[in-house]
Amino acid sequence: MTSDQPAAARPEAGPRMVPGFVGQVLSGAALLVLLGLHMIAQHFVVPSGLRDFAAVVDWLRNPVVIVLEVAFLVVVTYHALLGVRAILFDFGFSERTEHRITGFLAVVGIATVAYGVALVAAILDAA
Amino acid sequence: MTITRLPRQPYHVLVVGGGGTGGALAHDLVLRGFRVTLVERGEVTSGTTGRHHGLLHSGARYAVKDRESAVECIEERRILGRVCPGTFEENDGLFVAITDEDVAYEPLFFESCLASGIPARRVSRAEALRLEPNLNPELKMAVQVPDATMDAMRMPLRFFATAKAGGAVIRPWTAVTELLVTDRVVGGARVRDLANGVEEEIRADLVVNATGPWAGQVAVMAGCDVPIRPSPGVILAVRGRWCNMVINHLHASGDGDIIVPQRGLSVVGTSSWVVEDPDDLGVPEDHVERMYVEGAKMIPAIRHAERRAAWSAARPLIGSRDADSGRELSRTFKCFDHRETDGVEGFVTISGGKGTTLRAMAETTADVICRKMGVDAPCQTREVVTLPHTAYYAA
Amino acid sequence: MASTTAEPRRPAVGPARRPGFVGWFDPRGRRLGGIAFLVNRITGIGLVVYLYLHLVILALLAQGPTAWDTFIEVALSPPFLALDVILLAGILIHGLNGIRVGLVGLGLVASRQRALFVALMAIAALVALAGGLRIFTAG
Amino acid sequence: MTETAPALRTTRFVVSRRKEGDDPGALRYDTYDVAVGPRTTILDALVAIRRHLDPGLTFRHSCFHASCGTCGMRVDGREGLACVTPVPSGAEVVVEPLANLPVVSDLVVDMEVFYEAFDEAGRPLVRASESVPGSTPAEGIEELERYEDCIECGICLSACPVAGSDPRYVGPAALAAAWRVVEEPRGRDPGPVVRLMDDEQAAWRCHLAWECSEACPSGVDPATAIMRIRRSAASARARRLFSFGGTR
């Protein structure tokens, strides 16, 4: 969005970005489901909540669980970093700095997901 | 409408007082080519102008006793409607006759309206109640006139905005500490910028005293005398819009005989007394109570409506110092050239009048100024459409 | 009437809020919705920090059974469980308030935000209490 | 004429005296002891201070009845119109200028930013009157009246935590005015106004703190208006999304 220009000079609506807020609400809604599944799957199925190594690895061999966990990681990272972005943007940085922040957070997000996927592989490998 | 570009005048006029009159005068003088500076000790319209009850007069209120004011009002009401589009609620006014005495007064009132050029229409009791269901059901009859509701601050702000855009320097928070008088000639003023405490002299070819009820105090600074009687009135605002038209009590004028709807409020006014000092008016509670009682005669629900605010405003009435209530004084205005009244050159006072006649007051004053300066520039404020009030602050 | 000019000092409420972080973090003069906004941000920041802590700790899994099972023992100690309760409360507050923000913020429920907030926070409190009890008793 | 109220008490006013160009965090307060009665408002007290104690104290005021919106300020940290805010019962009261607008002097703020946003939204409308023959009042005038009630005081902007963080946000009053244009366009096409407000720095910047609606002294509800702009904008987006190749 080119908000540096006076409003009247802003271009008429072409294809517009989805506002961060909508992304936040949609990912938040998805999280309500995914976090629920994650909590149930990882912590509530056994009485103690947390599980020993063997149980975790056993659980992770189920491909459905892997898909769910990776999906959860993607959405939670997106939601978290979008939130961080919203907070940072409230500092009123310049447009240019804001673009940089967005770029930086995108890199962080991709790295986070990559780390998660690598971790799953490493865990299965270690077992 | 085309604005005629008048030649720039070499004269600088200092207007003291940022009320409606000062704003309209700055606007008028700028259009006539003068260089204008206006100083006001507070925010613009913070004196009498802003405390106005918000009625754009049709003039009907003055038709019987003060024909001059009535004619001024109806003419100005039409002009302001043109030059301040979108500023007024075109809601009309209703004069309601409640007692037999009021009914007996009605023919004189109605004929006087017509004679003053105010289009009045007789309205039956049934129709009045249909137009305004909250009216006192005891009412006998009513007369509809072209009153309107205005915003006591935003209407004058349009004149300030337009003057500013035309190059006038508007300086709020600037108090005049003394007038610069040499050999009975006023050549400017010494002012203090209240925001930073800096004092300076503003030189001018002419100083206009447009300070409303304070005009007497300012005139004294130049050794002049202005017969001003500050006459305060109490006004009450209650929550709720109890009428859509301006409701007036059809009788010879008295306390609490008008209800002006303003957005979500109903404004009941006013009382009248006279004071020496227009600061420190106070709000006598018995006057507030009278507004409730008198207002309820027209709209009974007013009696128990929630009080939002009550305040006092000082009218600048011109007249003898013997006046004791202010009601007997005319609502018309007067421009004093102090060369004629006090033998002081370079100093003019405009006072009296009312919100509705601010433009006319400015025109008269600017005419006097042009005559004094030997400038031949016609008034254009009857036609030039003013900028929206937002332009004053939006720069 | 008398006047005194006092030493400059900080009154109860202080100067206008500063821009940026300090500004919105300042709870003075805030009403219910403003508190909701503040709480949502604080829990949000907390959850981001937790997310990355969680991911780092999970790396222990890649080091094999010993490292992980040692950690699990620590994690089941009462102080650690107390942190879990705080985490649960944070998730509930942020998640349930998020429902309010989503519904109201898209204009689906335009004006019932106050009632929604109170109701959802009541639910959050109840669930956090029940969850807290379960965390401690199930261990 | 004097106050008729007999029971006067003394309240200490702690008044912000920051000037243009001072550090926004600067703590500069003067104190004044004022005799107040049960009906005394903050504005009455400030007028008395200026009259009797300190002619140099600057503040904005005009109408004295919550109609002009000039005397918005913060009293003990909460925004309000000085003219209808009674002096609190405590021994001391702190009076400060509105937040999120540049201070000119003492309690005076510069309203330029506020009015510029307002102009963007489309000018506020004056109420149409229904009782005059020939006028055409809008459907549901009671609902619409809320937005006409805006007195442009800037209190919503001062109360808004987002405006506090980022001056680029157009702010609650302008958004409410924009929605007002949509609700009663009076022959204008409201589309451009919605598109203008469907922006990261406009309707979507709001974080739902609802402080604007809570603080409004005139019963306008900007927050709900903002949510209605969002709904309108979101459904327009959704329609575009689900009508591939259709005309926009």
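Order as written gives the chain letters A, B, C and D; numbering starts at 1 within each chain.
Heads up, the rule we're going with is that a contact is a pair of C-beta atoms (placed from the backbone, for glycine too) under 8 Å apart; a residue touches a chain by one contact, two chains touch by 3 or more.
The model shown is predicted, which means the values in this text are computed figures rather than measured ones.
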item: Comparison of A-C and C-D (more C-beta pairs in contact); value: C-D
item: Chain with minimal offset from the mean of all protein Cα atoms; value: D
item: Where chain A and chain B are represented by their mean Cα positions, the distance between them in whole Å; value: 63
item: Separation of chain C from chain D, taking each centre as the mean of its C-alpha atoms, in whole Å; value: 30
item: Mean-CA-position distance for chain C and chain A (Å); value: 18
item: Centre-to-centre distance between chain D and chain B (centres being mean Cα positions), rounded to whole Å; value: 26
item: Overlap residues in chain A, where contacts from two or more other chains coincide; value: 21-22, 90-92
item: Sites on chain D at which at least two other chains make contact; value: 162, 165-167, 207, 230, 234
item: Pairwise chain contacts under the document criterion; value: A-C, A-D, B-D, C-D
item: List of chain C residues in touch with chain D within their complex; value: 1-6, 8-21, 23-24, 28-34, 36-38, 100-101, 104-108, 110-111, 113-114
item: Chain A - residues contacting chain D, complex; value: 1, 3, 6-8, 10, 12-13, 16-22, 86, 89-92
item: Chain D to chain A touching residues, read off their complex; value: 120, 162, 165-168, 170, 192, 195-196, 198-201, 204, 207, 230, 234, 237, 248
item: Chain A to chain C touching residues, read off their complex; value: 21-22, 25, 28-29, 31-32, 35, 47-54, 56-57, 76-77, 80-81, 83-84, 87, 90-92, 112, 115-116, 119, 122-123, 125-126
item: For the chain B and chain D complex, residues of the former touching the latter; value: 42-43, 45-46, 49-51, 54, 86-92, 131-132, 151-154, 173, 175, 194-197, 232, 235, 237, 241, 244-245, 262-265, 267, 273, 275, 279-286, 308-313, 388, 390, 393-395
